[in-house]
Amino acid sequence: MSAILLIAVPLLAAFISILFKKYAHYILVFVSFASVFALGYMDLGTITVGGFNAPFGIVLILDDYSLIALYIVNTLFFLVAILNCNEFKKVGSIMLVALAGLNGLLLTGDLFNLFVFLEVAGIAAYLITTTNKKPLASFNYLIQGTVGSSLYLLGLILLYAMFGTLNMADMASSIANSGYGAGVTAFPFLLMFIGFGVEAKLLPFNSWTKGILANSNRLTGPMIASVYAAAIGFVFGRLLTNVFVIEDTFLIIVTIILIFSVVAGEAMAYASTKVREILLYSSVAQAALVVVVFMSGFTGWAVYLIIGNAAAKLVLFLITNTATKQLGNDDVETFKGLFVNNKVIGLAFTAVTLSVIGLPMFLGFVTKMNILENMFVSGDYIWPAIILITSVVEGIYFIRLLLNLWYKENDLPEVKFEFVLKYVVVIIAVLIMVFGVYTEPVQDSADNLVAYSYIEGGNL
Amino acid sequence: MKNFLAFITVLVLGYMIVVSLDNNEAFPAYGEADVSSRVSQAFIDRSVTEDPGDIIFGQATNLESGPANIVTAIVADYRSFDTLGEVTVLFVSSLGVALLLGGKKQKRLELNFHPNFMLRVGSRALFGIILMTGVYIAIHGHLTPGGGFPGGAMIASSMLLLYLADDEFRAKIKGFKMLESFAGTAYVLIGLTGLLLGGYFLENLLDNGVIGDLFSAGIIPIVYVLIGLKVGSEISGIIDNFLTEEGV
Amino acid sequence: MTVELLILVALASGILAYFVGRLNKVLGAVVTIVASMFIFIMIGYMMQDINAGTTFNYNAVEYMPDFVTFMVTYLGLFFAILVTFIFAMVSFFNPFFVEKYKYPALYSMLYLFSLAGVLGVFLTDNFMVLFFFFEFIVWSGLFLIPLGKNNKAAISYYAFSTAGSFALLYAIFIMFAQTGSYNLHLGLATVSGTTEGTYVLALLAFAAFAKLGAFPLNVWLPRALGKAPDAITAVFSGGLEKLGAFVAVLALVKLAPIGDIAGTLGGLTEATFLFASQYIVATLGAMTIVFGTLMAIRQDDAKKLLAYSSMSNGGYILVALSLGGTLGLSGGLYHIVAHALASAAAFLAIGAVSRVTGTTKMSELGGMIHKMPVTYMVYLIAIISMAGIPPMGGFISKWLIFQAVIDNGLILIAVAVFFGSIGSFLYVFRPLAALFLGQELPQHRDKAKEAPFFMLLPMLILSGLIVFTGVMPNIFLDFINDVIAELGGTGLLLGDYTITGVNGVLQPTLIASVFGVGVLIAFIIFILLKKSKKVGLMDTYTAGNFIYTEELMHYSLDFYAPLERLYEKHINITKDFYKKLENKVVDFGRMIKYFFFTNKPEITVFWIIVLIGFLLWGEL
Amino acid sequence: MLQYAAIAMLMLGLYGLLTQRNIIKIIVSINILEIGLNLFIVSVGYVEGGIAPILTSDFNNNGLVFVDPLPSALVLTAIVIGVGTTALGLALAKNIYQKYGTFEIDEMGEE
Amino acid sequence: MIDILLMILTGIGVALFGFVLQTSIAGVNRKVVARVQKRYGPKWYQEFLDIFKLLSKRSVTHGWIFDFGVIMALGGIIGTAMFMPLTSSFMAFDGYDNFFIFVYLIAVGMLGMAMSASGSGNPLASIGVMRALTTMLAYEVPFMIVVLTIIKITGTSSLSEIGLFQQVAGNSWFFIALPIGGIVAVMALMGMLGKKPFETYIAPAEIASGPMVEYGGKQLGMLFIMHEITVFIEVSLFVHLFLGGAENIVLFIVKYFVVYTALNIISSVYGRFKIDQVVLFFYKWPLIMAITQAFIAIYLGWVI
């Protein structure tokens, strides 16, 4: 079974679903489950679309890297779909298109095709955020998204004008043996970096995040913060490792942006008192961290960092948004003592937060240790210092949040979490714990992932 | 003051971009783009799979991709996956507009302009002509410039004419929805049949026939007509949503 | 009984304690007693094998990742025995205190988890395992502290210990980059003496300071220990603080000291030269002593007072270890033993009082001796050792440290050390006078009753040991000599009863017996004379007027008022510093939030233009 | 010459985004930006003296040169994406107007 | 086993001798101070009479800690006195007369007295104890710094050897060799003895003789004995450290008498400091002088 079905089937379902408005969300759940299920039978390699091979036609690449990416994004998507299917009926078909867009993003090997799928997924995302009932925030998100993707297109066209091809692998090889200095390609790559920076929530470009995530609901929160973040992370990783050539001035700019994002993200999270704000600012910092790890070349561990963050943010946003819906606002004050009488949710929330901070016995710890170890071995001394200092700050505001949620005596907020949510959240927490302790599979899968960071399929 | 400052920065930025593009040796100056070094040379002389020699209009038969209009060849055949993505974008935005503005029972927006009888009747005649040209452009996509998207836009403009000319007029939205969904599904199904029979998604199964004829270039014209219908119905749907409001 | 099995036993019993605790709170706590006693005995049992000269290197149990290796060294065993002993003794208190906590089952589980963590840290030769268990203790301690009064203290505890452990991690990775392996001894050996050695020394010292609560990083200790549940404070100050001492030993002893000071002070005659790193650590240790003593003198809450006392004793340990040499090392290590026993006993006594009266604030307590005489005696013996008065262990370690300080001719540090030892007499006496002695306040008269036998048992064992370490220290000093020999120093010259320092010989048993003879003589004099009439406490010389309310006759509120007035203004120097630091971070965050996150797209566009401009600047 | 015009349009769009606070004006400036971008895309493919890339009957006798067809294909897609986003923007604008009663962002105040 | 018993007996003998010596000299000094105040003063054995009168009277007790404290105080002081070397060669326990033993065993006596005073239930006693401890904190640190210099120079911390070091031909008494140190030591000694300027913890006017307020009869008598022996230890410490110890017993008694009388005369003309003045005083000049003395002696080696 070829991977193209992952895009074609959801599209087909979307086109059909507008006719049967009532069953749209059942189709959604069925298709997303089918795509997760079908991933098992996909055979690796490159899929040419329309019969024309690589540099001329459009080509989809399914190697280890995108397989893991697809597994993660599809499972998370399925979880979000299952948990929200009866509440947000109207956006069923839009979610289907979003699924197609995301799968397209992860699979495509062609830069312009990447722009098209970025737009498809983007527009689907703008529409999903309109369920927040905050039109101004969605408008702001739309404008910034469009500006971002236009800049990406401008950068892409400049590259096309210079090297005459649109295929990623072909572009990378023609840049490599074109012999031009780094200065030539710096401008288009910066434009593409900014284009993706907007979507990946890097600091100077993400002023839309607060509007969207600070008043998100059970659908938009997990959708934007974990599913989209993971997909964009993976695609950005693929671009950074395979296509981008990052040297002197461009490197300086990128490093400044990343340092600023990580440090400011943690400082903002420390300064905020609303639970969702803490989570969104910490996810800004985590996103920047992911980009840093990709740039230093440890693709395998960057993948695990994305997985850890995406799973964590899914659990955190699900719990927070469910509680906010029933309590009205999401101040830490109103949340105090939330876990006293729903311990299972509390345990899952704590396990996931501790994994994000990077305490032992959790997946986060294994990833962070290995990233630091590789950085030190590759002679980089500054980034580990920044990572450690920011994770101390991060630890403090997360622990402050946790202790507020666990320890309180009187007038506890009563919030009812339905069974499905509990079930999902506990499974994720247990998985994080299991892989935190039993680290063999994580260790060697991360190491050999690094080997395949180049597109093995896209006939270089 | 802020505007003036913004103007200065934008000006300086523009100047910098122009200068950097000028002295960037890889970026060809305006007009000197050497197409041969680019991927598109293969599209021009249809030599992606095998080299058919020089193409004579009216005689060359079953080239690797049929349409005389090379841009349509790229849009509908070489990179038709983009167009599929393209169509989804439009589909989603029309769906979104319907979601944002559409309610259960819609009635026409109360505008203070009430057209007189002459305008209402005259526009009916004009509607037919615009519709026909739109369909013509859609059908001849693979020969003459234009194609699915411009054709679809013209079809929608004819609908717009009716909406503007007559303030009680409301098209049957149900029909547009059906057409849109049918066209979309047909397009994807053609792609899937290509996958099943020809081994590649969206492969051109039918033979390309002689270049330049009306019935040449395999599935391209069919796909383009479908796209034209889909775009037309979607944009009309959007027009309807904008020109109506909640009400009994 | 290999080390891994021991740690697994600790973890398993922790989980068992959790489930048993769910059924019945007290039973869960009893499990902690059984488990910690068992582990202590096993460690003690391990003592014989090591004495037979074989240092075991237990390789990993099969399913652990292969780089996890444990090694029993004299140093590790010294700390392990001491801390497990403290854990075992304090665990006797758990059953009596566990009902009061919000999550009793969690309490017993985390108690045993931190014990497992302690074993892991001391008995390994691999840095990554050390860091893993270091974090493990921080993590389990974090959820233990808020079971007490409030959870703000836990946050500052977490902040400082994580800062410390991350500094340790950075040092580990520097060594890993040099040696390519996480082996502890190899890492320290290759790095010592090089420039990386300076960074590693600084970072390890930072970690030790954070764990010991020494001067620059001392804000968390009084808050955490003051607010934590009583048993946990005892465990913290007796046991977990010794982690910091362990890291200090790694930093100050195993790493070659950096840069010699003689060069800097311009070739002074005859004063022995100390290396710059040792001098800095010694000065900071001295500041810790002074700061801890001054703060302890003015505390009203007995637990906070003892917390500050463990901080200033941490300073002693740092000064001793940084001076190095036979005297410094043996003084430091012996002080670790003496302080651990004394502070654990003192905290347990205060805990016993707070169990009965519910508060440890001296202004609300008084005259507890009448109802709790045994606790009083335990507390008296503990503070005699803390103040460094002869018959008890504290005197021996202070004597050794004084010898080291004098021998190195460090005047300013000597001022701090002497001030600390006299000051310790002052602040340990304050709870004795204000809490135990003086008028018996009516509100506690009915509730107060002597602690049950199971609580008295550990206290008596501890005070017995305190006396024993004071009278017959040579047994412990022999073991310390083995530790020093393993660390590469020369052991202390020990006769069968005497200790010969650099400028004097000490025979503790003789001092004790002479003191005994003196007391005997005084007792004989007392008995021979007429028996005096017993009179109530209220019947005192009050210049003729009658007083009926006990509170008026009980002097305990701010005991050292004249002394406190002298330095009242600048008490919380470090607290203000960290508060300012925190405010800086919050302001920075708020400024960026205000500046960047508005609902207007122009911010993003502006920054995009700026970045592109920055890149293209070169083109002009 | 066309390229400078395209870049000028791009800059005009950016200027609009930087300064305008009215929702509709922002959408208009986004459109200007996209038109500028599309112009730029087409200008990249222009060849001096090239004709439109369509094979016609009189093509094969007088050896004409084609303009690069790929950018024009890409521009086709870019235009339609621009239409999609503008439609969505206008729909959101209508919603905002219903909610806040004004198009000026400053008057909307913090939600 | 026998020689240990012998040593203990000689120790007790030394303690007894100390008590008798000090009480008689105290009696003589009472006459000297009286002369300063233009009166004759009581007989030289008046001190003995007071003590034995007190021991014979029946008194009141406030509980077992009240008595246990007194016993512990007297016992501790007697124990310390047993270690004291009378001349540079004659001492009870040869070679174990370490300086730190004296400083810390006195603390045991202090602790015993403080415990029983606080146990007596009278707040004035607790205030007195607080003042005593604060004064101790004040005078102890400069004194220890000066002693540090001495130990650093002589290389040993046992009193008799320090005495012998001073008696060696070349070097003079430390009182002369370390002039600033000597002055600081005198001040510290006055603090230790609780002589007039630093008498705040007894302060008969304010807190009715401080810790002693609740005592009477045998407890008070025993505390008087303790006080006398403490004075003996402190003054003989001063003699051994600063006045070159003594070859024979007569020289020791003469030096002892001179020091004690000089102190009494000085203190008889002074008023009384307030408690925080005491602390401020000791932490201003004496500490600086001690540190400069130590710096000069150790690092620059200027020893006269």
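Chains: A, B, C, D and E, in written order; residue numbering restarts at 1 for each.
Note that in this section contacts are C-beta pairs under 8 Å (C-beta built on N, C-alpha and C of every residue); 3 or more make two chains touch, one makes a residue touch a chain.
Computed from a prediction, not measured in an experiment: that's the story for all the values here.
Shared contact partners of subunit B and subunit C, listed by label: A, D. Under the contact definition stated at the top, the chains bordering both subunit B and subunit D are A, C. By C-beta pair count, the most extensively touching chains are C-E.
In terms of the distance between Cα centroids, subunit E is separated most widely from B.
Averaging C-alpha coordinates per chain places the centre of subunit B 108 Å away from that of subunit E.
Distance from the subunit A centre to the subunit B centre is 32 Å, each centre being the mean of its Cα atoms.
In this assembly, the C-alpha centroid of subunit A lies 29 Å from the C-alpha centroid of subunit D.
As a whole-number value, the distance joining the C-alpha centres of subunit C and subunit D reads 69 Å.
Multi-chain contact residues of subunit C, defined as those touching 2 or more other chains: 599-601, 605, 609, 612, 616.
Residue positions 112, 116, 119, 123, 126-127, 130, 136-137, 143, 147, 160-161, 166, 183, 187 of subunit A each touch two or more of the other chains. Residue numbers of subunit B whose C-beta contacts span two or more other chains: 9-10, 13, 17, 20-21, 33, 38-40, 43, 79, 82, 85-86, 89, 92-93, 96, 100.
Touching pairs of chains, sorted by label, consist of A-B, A-C, A-D, B-C, B-D, C-D, C-E. Put simply, subunit C touches subunit D in their complex at residues 599-602, 605-606, 609. Within the complex formed with subunit D, the residues of subunit A that make contact are 112, 116, 119, 123, 126-127, 130, 134-139, 142-143, 146-147, 149-150, 153-154, 157, 160-161, 166, 215.
By the touch criterion stated above, subunit D contacts subunit A in their complex at residues 10, 17, 23, 26, 30, 33-34, 37, 40-41, 44, 70-71, 74, 77-78, 81, 84-85, 88-89, 92-93, 95-96, 99-100, 105, 108, 111. By the touch criterion given at the top, residues 1-4, 7-8, 10-12, 14-15, 18-19, 43-48, 52-57, 59-60, 66-70, 72-74, 76-77, 79-81, 83-85, 87-88, 90-92, 94-95 of subunit D touch subunit B in their complex. By the touch criterion stated above, subunit A contacts subunit B in their complex at residues 2, 4, 8, 11-12, 14-16, 18-19, 47-53, 55-58, 90-91, 93-94, 97, 100-101, 104, 112-113, 116-117, 119-120, 123-124, 126-127, 130, 158, 160-166, 178, 180, 183-185, 187.
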